[in-house]
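Heads up, the next two complexes both have subunit A, just with different partners, subunit B and then subunit C.
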Partner chain A sequence: MNYKYIIIGGSAGSFQAVTSILASLPKNFKIPIFLCLHRLKHVRSGFVEALSIKSKLPIVEPIDKEHIRQGVVYLAPANYHMYFELGNYISLSTEEPVNHSRPSIDLSFVSAAYTFKDKLIGVVLSGANKDGAKGLKALKSANGLAIVQDPAECQVKTMTTAAIDETPVDHIFTTKEIIDFILNLEQ
Partner chain B sequence: MAVSQPDIDRLIDAYLSVSTYNFKDYSIKSFMRRIEKLMMDNKLDVEGLINKITTDAIFVEQSVKDITVNTTELFRDPKIWHAIRYRILEKLKDQRRINIWHAGSSTGQEVYSMMILLNEMGLLDKTNIFASDINTDVIDTAKKGEYIYRFNLDYLDNFNQVVRQNPYNFDEFKEVPYSKYFEIDKAKDIIKLNSFLRKKPVYFKHDLVNDGNIFNTKFDLILCRNVLIYFNYELQNNVFDLFHESLFRKGTLVLGVHESILGTKALKFNKKGLYYTKK
Partner chain C sequence: MVRLGIVEYRNIINSLQLLVKLDFSDYALTSLKWRFERFIQLRKIHSSEDLIHRLKKDSVFRDQFVQAISVPSTSMFRDPTAWKILLAQIEQTINKHPNYRVLFPDCHSGEELYTFLIILKEKGLLENVKIKVSSFSQLNLDGIQRGSFDLKNREANQSNYERYGGKHVFENYFGITENRSYFDKKLLENIEFTKETIFSSTSNRYNLVIYRNKLIYFNPQLHKKAIMEIHKSLLPLSYLFIGVKETLDCCSIEDKFQKQSKLENIYKRR
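This part shows the complex of A and B:
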């Protein structure tokens, strides 16, 4: 196994899973993590702070053309789509929302799949729409590893079941299992 | 419909063979996405698209407008407008004249936002406002100053935050009526800026990739927000040189809230929180 990037998509009901994952990662965890989370339109700031409370890793909203560094968690900024370019950097776009979402999980996953191919792990968490299903499919076709949060555990199942219907995913995990899996990557 | 990198290169060459539009240094990911969308909307494959670009001059113009992203808002990102009002314009207010350039002004909301603040500060009359974009359709919309209302309810919220409230003093609240600056027609679902604002700016078609300073003046303030994110690092640097040359000494450059001058060009500017000043 040689995964170098993790991308996580979440919407309604995913906040708790995201914070648990972040809280369990040690300070020296190296694999960069990209978070593409839908948020309420008016919650434009304060989200980084909320996520940072329990995280030992720095969480940043990237600026355009920012180089991807190890040990950093990148949160897609509100009202921007987040893309990944060859040469290991991030770019942003204000293109129209896709399926009412900006950031769009699909766009970020597709872009990450294209750039990182089999070095990428994608995780789809709880959510109330179908964003992420197409993205996870693209990730799988590019030989990435596809993980979906167990719908039984999700506050809202729509997003995870849509992802599972669309793609033969590699793992359906509870939050606890996702955490164990991620922690094992660097051992 | 996934396009490959060689396809993208051929498409870029096709545009270059029939026009001055040069997408070589655009951010690849976003450009790819826009090309895929263009192909879908026009039901064309890569060959069909190249064929159309090289044989149909009207399609070339139209498709360039579709490729570029034009989303914008009135007072987008209120916190930068707070800085513009209380830090940047505050410093310029005693000058005899103020020159401002909006580069990549799209459908004009940014220009109207600026004029509203200038008017609130009593500076509008002594300010020259230039606005430019590569896309003449958005310039026409900007001149018209008319937008869909219901889709844009955020505008009012942003207006309240920037024009009515003072972020540095929450007790202060100015009851500025909307009608001072725009008319809302709910039946027609439009919001239209008042004519004294519509008449003020001078609009230019200007391509940041190819064109230099065409305005015959330098500027106290240049805004270029959410435009350079569509350019790669090299092209961004060329544009930073253009802005540097086009600013007066100590002039101010405002980028989008998630943009920054990376690399050596940063040495030519001082970073002051959310904006830059020319060294």
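This part shows the complex of A and C:
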């Protein structure tokens, strides 16, 4: 396997899965991870700190044009869309919300798929709207690997079932299986 | 969803260069490509060739396209603490300086402008400030001058204003007709509106440039060029206000600007 980037989208009910995933990764885990999580638009601080409590990897909210480094977790900042540019850097945007969301999971996934193609793994977690479904479809069309959290395990199933309905995904995994799969990438 | 290939994307940019004399070739690819795709989808256009054909034939359509690819601001009083800190930095100077000049380049919608006007009005400083507002889209400039905003952002504007610590009831600043709010036009008395970009502007001797969330739409080369243009348009020891997730660090500008606030992106020109 030759995956170089992981992008994770989540909304209502995803916090627990995200923190479990982050808590399980060793501090020498190299693949950069992008988190696009729905969050309050006006609250700029606190989220990184909350996610960092159990993470051994550094978590940052990127500034515009920040270079992507190995071993770092990037969290989409409040009230910005997060994109990925050729040249291995992140760009931000204040364009209109998509699916009532900024950051929008669809926009981040579409951009990541366009830029990283078959080097990308996309994971859609629990959530209450359909953001992420079209993004995961774009990721599959670009030969990325699509993983969806098992709706049976999700606090809110809307987002994961929308993703599964939109595109044939590679894996439907529990949080535990997602963690095992990611850990295996660097074995 | 419509997806443009890189050749189609470049063809559209080349057409814009020919037809409207605007150069988008060094804009950030992802956001601009998305704006093209979004327009094509919303207007049910069949292909990039079809788009280019209509850009050539139809000037109304052309203006609408140019407007659609500019990115509007999100809401009024976005990042309320940043505005508070900006005011603290400049208030004294405006008080002493009855001809304080402010430039709003690439101002495609009025949220940031009206935010600033309300801040000045509440401090009794509106008469001391002369403002120049520019956009590459005449439709945007017309819209800003109408002072009309979609009410869907009403709650966000209101709560941002309250977080900022506004003195009044926010809704007193505007009237409401159907789905839109209309701001008091008296706020606009000291403003000049010009169709230009940061790169075509010959404006200089400004005390403050407000350029929030604009650099994010440029690639690294154009980003740097924009900062150099802004530097030229500012007086020594005057201010530049950019978005909270933007930076000047990329451009080796230590000799040109100094950051004034730990938390917010307010810079002083050296």
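Basically, the second predicted complex is superposed on the first by the 184 of 187 C-alpha atoms of A that agree within 3 Å, B and C clash if a C-alpha of one lies under 4 Å from a C-alpha of the other, contacts with A are read in each partner's own complex, and residues count from 1 in each chain.
FYI, a contact is a pair of C-beta atoms (placed from the backbone, for glycine too) under 8 Å apart; a residue touches a chain by one contact, two chains touch by 3 or more.
Just so we're clear, the structure is a prediction, and the values are computed from it rather than from any experiment.
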*Clash or fit: how do subunit B and subunit C relate after the overlay on subunit A?*
clash
*Examine A:134 and indicate which partner it touches, taking first as subunit B and second as subunit C; both and neither are also allowed.*
second
*May I ask you to decide whether A:184 touches subunit B, subunit C, both, or neither, giving the answer as first, second, both or neither?*
neither
*Identify the partner contact of A:2: answer first if only subunit B is touched, second if only subunit C is, both if each is, neither if none is.*
neither
*Determine, under the contact definition given at the top, whether A:65 touches first (subunit B), second (subunit C), both, or neither.*
both
*Using the superposition on A, tell me which residues of subunit A are in contact with subunit B and, in the other complex, with subunit C.*
41-42, 44, 61-65, 77, 80-81, 83-86, 91-96, 107, 111, 114-115
_Residues of subunit A touching subunit C in the complex_ = 41-42, 44, 61-65, 77, 79-81, 83-87, 89, 91-96, 102, 107, 110-111, 114-115, 134, 138
*Mind pulling up the subunit A residues that touch subunit B in the complex?*
41-42, 44-45, 61-66, 77, 80-81, 83-86, 91-96, 107, 111, 114-115
*Within the complex, which stretch of subunit C touches subunit A?*
1, 3, 28-31, 34-35, 71-74, 78-79, 156, 159-160, 163, 213, 215-217, 219-220, 223, 243-247, 250
_Taking the touch rule as given, give the residues of subunit B at its contact with subunit A in the complex, in rising order._
2, 27-30, 33-34, 69, 71, 77, 79, 154, 157, 226, 228-230, 232-233, 236, 256-260, 262
